[in-house]
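The first chain written gets the first letter, and so on, giving A, B and C; residue counts start at 1 in each chain.
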Amino acid sequence: MGEPILQLRDLRVYYYTLLGAVRAVDGVTMDVGRGEWVSIVGESGSGKSTLALAIMRLVPPPGRIVGGSILFDGTDLTRLSEAEMRRIRGRRIGMVFQDPMASLDPVRRIGDQIADVYLEHGVASSKGEAIRMAGEALEMAGLPRDWVDRYPHQLSGGQRQRALIAAAVALKPELLIADEPTTALDVIVQAKIMDLIEGLKRELGMTVILITHDIALAAERSTRIAVMYAGKLVEYGPVDAIVEDPLHPYTRGLIESAPDLWGEKRLRGIPGYPPDLRRPPSGCRFHPRCPLALERCRSEEPPLVRVGDRLVACFRALERR
Amino acid sequence: MSAGRVVEALKAPFRGPGRGLFTAGLAIVLVFVVMAVFAPWIAPYGPTERSVPLQLAAEPQPPSWRHPMGTAQLGYDVFSRVVWGSRVVLYVVTLSAILSMAIGVPLGLVSGYYGGPLDRGLSMVMDSIYAFPGIVLAIAVASVLGPSPTNAAISLSVVYVPTFFRMVRGQTLEVRESLYIEAARALGYPDRVTLLSHILPNVAPTTLVVFGLAATDAILTEAGLAFFGLTVSYPQPDWGLDLRMALKDIPNGVWWTTFFPGLAITLLALGFALIGEGLGERYAIRTER
Amino acid sequence: MAGLARYVAVRASLIIPTILILYTLVFIILRVIPGNPVEAVLGTRYVPPEVIKEEMHRLGLDKPLYVQYFDYLWRVLHGDFGESLVVRGRPIAADLKYRIPATIELVVAGFIVSVLLGIATGTAAAVRRGSRLDYAMRLYGIVTYTLFIPWVGALLILLFAVHLHWLPAGGRLSASVSLHRITGIYTLDALITGNWPAFLDALRHLVLPAFTLGLVLSGPYTRLVRANLSDVLQSDFIRAYRARGLREGKVLRYALRNALIPVVTYMGLQLAILLGGAVLTETTYSWPGLGSYLYERISLRDYPAIEGTVIVFAFIVSVISLIVDVIYAFIDPRIRY
């Protein structure tokens, strides 16, 4: 796994609404090794997207990083000035978002939008040079070089996501965060985009963090899977271990409700809904929906502990140690 | 509608978002209405009465305890003229509002409900009037009809009929598509009944919002007509005309003869604007301006 | 680009019906509405019926309406607006030709001021949404719209001309300054001829009228920019820009570019309101344009002059709406015809 490129320590991100603080990310600690592909999995509202935005320091108000640290290559991102952080965004950490239809500026050419990155970070000295480099980036992402002249509305969803990936990896970042990059696309395009990301990862030696609600997608190419529930990391470990022998009942639920992983096998959803994060349940946050909940789960919060080669936060899982 | 529902409807603007704006606007407008109705009791002097000794009448006198807004040429008391002037302004604006609603709302209902060539023709005419600078249009009409408050009101309604027409037509089209009108038709209610009983209550809030905004415009346009001498003839009091007559005092540094009539125009316009604004926020209606 | 060229051509041809409709509208208002212009001109004095008849004949007002309609249209299309009733023998067209550039100069300057003020206030409000500044800017949007132009003009003249002596109280050019008239837009003429003293003088005369007009009509832009920009600032592509390390200033510039596109559609309507506002502004500042001409001729009851001026206003409105539509097609790449 090598040395960690990213270390989150007790990270807390809250949204301060009129009705109280929403604890979207509530004390997450995890490491990502250089060259890894880590997928963060969870239902919507689990805090996984907020976690991704927090790493970029782009949590929109009224949200705020309220505690903990984000060590990126040894530097605590939470302590950087806005100007220092800007030099990291796009250059050392790239990010791809969920909705390619909305993530490109509709009134500017694709090439200009990619060229921004080279100009902003001082890599290109002239507009012409930047556009030429943008063409190369497009090519790297599997689009024709001369599409720099195209406007977003002339591209399909998959092509737009390619253009966005081109912009994200234009400066060969060490870390690429992809937040549900294929959710808005159809299945065939989805696979091609994932292939592209995998290819680029290998070619550029990047580390990838994939945010997804789809554990089957995560299982395909990741080295490790992190499962989040209600703002907490509940399980984190190697793909095979997680998929074949999930320790946390929530992880098990996710796997059992995923169709692709088990082919035609029966589908079973997780009953109930994720909790209101303004007033999360006491003890283990999953206990109201958990089929295995103990009395203790209601009152006491299970710590994240090492079980073999993974981390898990569940009293039931501890029984197996 | 039962009495209870009417009371509820009347209370609605005072609750929810925009109530502050609405209440403030209504208060301003009411002050002017009271001023107009009780002018003889409020104004210390008649509008064309010399309020100072003859030797002081030649020059405007600055505000004092006796003349809180100072005096104008010929010794007119500015405060009294502002009070009396509110009568003309409110008369012209009220009459024009009634006229333009009385014409614009039914035309919009009919045009939107029946569609077809009638709708296309009417819309084309209304749109071109709407695109024309309102005050130029009003001036053109008023200059043909001749200067008088009633003619000024007619000129203003030429300008504001399209405003109501466009809004009501748009809303009618929207409501017509909705299912319950279809249902009413299917049940065989005659057109007239459908129109009045279903569409009108639905377009009512928007009509009020547009009324607030159109009234704002109408007050400023009325002041413009008065400024052009197309409402009353001097020395009859009208704010816009008083302001025009006082412009020649400016080079002498005399500010009160222009300041107070102009303030009255702006305050009254602001009152209606706040009413429209508050209602717009209350019913979440976005308008073009 | 061929599509765009075709669109411009089609749009340009649509100006003919627009002008015809507005011409008809003006014609109906001025000739069909009951009221006898000649009697109106001659006022309340007693005039022998035969004199009125003669005047009506001279103006062609005794012909059937449909003949008048085409007669006048034909003449207007040839730039003939008839003769003044007040200054006998003076062609109206000559007056209009002299006055139009002044109005255009004022309206364009007022337009620039209103757009700049609107963008500045609207942006301030959108960037600090929900703050006190935002609230103040919303109030600005409402209050400026309710200002009566001659009132603002009078107060500004009092302050800047009468008390401070910084700026002239009215007119377009000081008597001591000479300028070779080319386009009739004085600031432009001064620039063309390289006449700097005249340029500065013309600009000094333009400042107060343009600011008055621009201030009063900036409110709608404040609202539009505020609403559009706060929407755009929350959109995904703005977040994507930030995620690539773009400076906030640049992000805001790109956001504004998106937010201003819908604002352009409003400009057509707003320019019509600006023209109306110019009528009052010109009268307040003795600015010798179409508006003050209208004012003078109404008090003189010079009927053909009034009619000609209103027709020219109609023409300008149509041309403006054409220009705005074409600009819109140019700046929004999504629109292709």
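Throughout what follows, contacts are C-beta pairs under 8 Å (C-beta built on N, C-alpha and C of every residue); 3 or more make two chains touch, one makes a residue touch a chain.
The structure presented is a predicted model; accordingly, all values stated were derived computationally and were not measured.
Peer 1: Looking at every pair of chains, which has the largest contact count?
Peer 2: B-C
Peer 1: Relative to the centroid of every protein C-alpha atom displayed, which chain's own C-alpha centroid is closest?
Peer 2: C
Peer 1: Using mean C-alpha positions as chain centres, tell me how far chain A is from chain C in Å, no decimals.
Peer 2: 54
Peer 1: Averaged over CA atoms, how far is the centre of chain B from the centre of chain C? Could you give it in whole Å?
Peer 2: 23
Peer 1: Quick one: chain A and chain B, Cα centre-to-centre, how many Å?
Peer 2: 57
Peer 1: Within their complex, state which residues of chain B touch chain C.
Peer 2: Result: residues 124-125, 128-129, 131-137, 139-141, 143-146, 158, 216, 220, 223-224, 227-230, 240, 243-244, 246-247, 250-251, 253, 255, 258-259, 261-263, 265-266, 269-270, 273-274, 277, 288-289 of chain B touch chain C.
Peer 1: Across the complex, what residues on chain C touch chain A?
Peer 2: 234-237, 239-247, 250, 254, 257-258, 261, 331-334
Peer 1: Quick check: in the complex, which residue numbers of chain A touch chain C?
Peer 2: Residues in contact with chain C: 56, 58, 60, 86-91, 94-95, 97-99, 102-108, 116-117, 120-121, 151, 153, 164, 167-168.
Peer 1: Which residues of chain C touch chain B once you look at their complex with the stated criterion?
Peer 2: Counting only chain C, the residues touching chain B are 18, 21-22, 25-26, 29-30, 33, 35, 37, 40, 142-143, 145-152, 154-155, 157-158, 162-163, 169, 219-220, 223, 266, 268-269, 272-273, 275-277, 279-280, 283-284, 294-295, 298-299, 301, 306, 310, 313-314, 317, 321.
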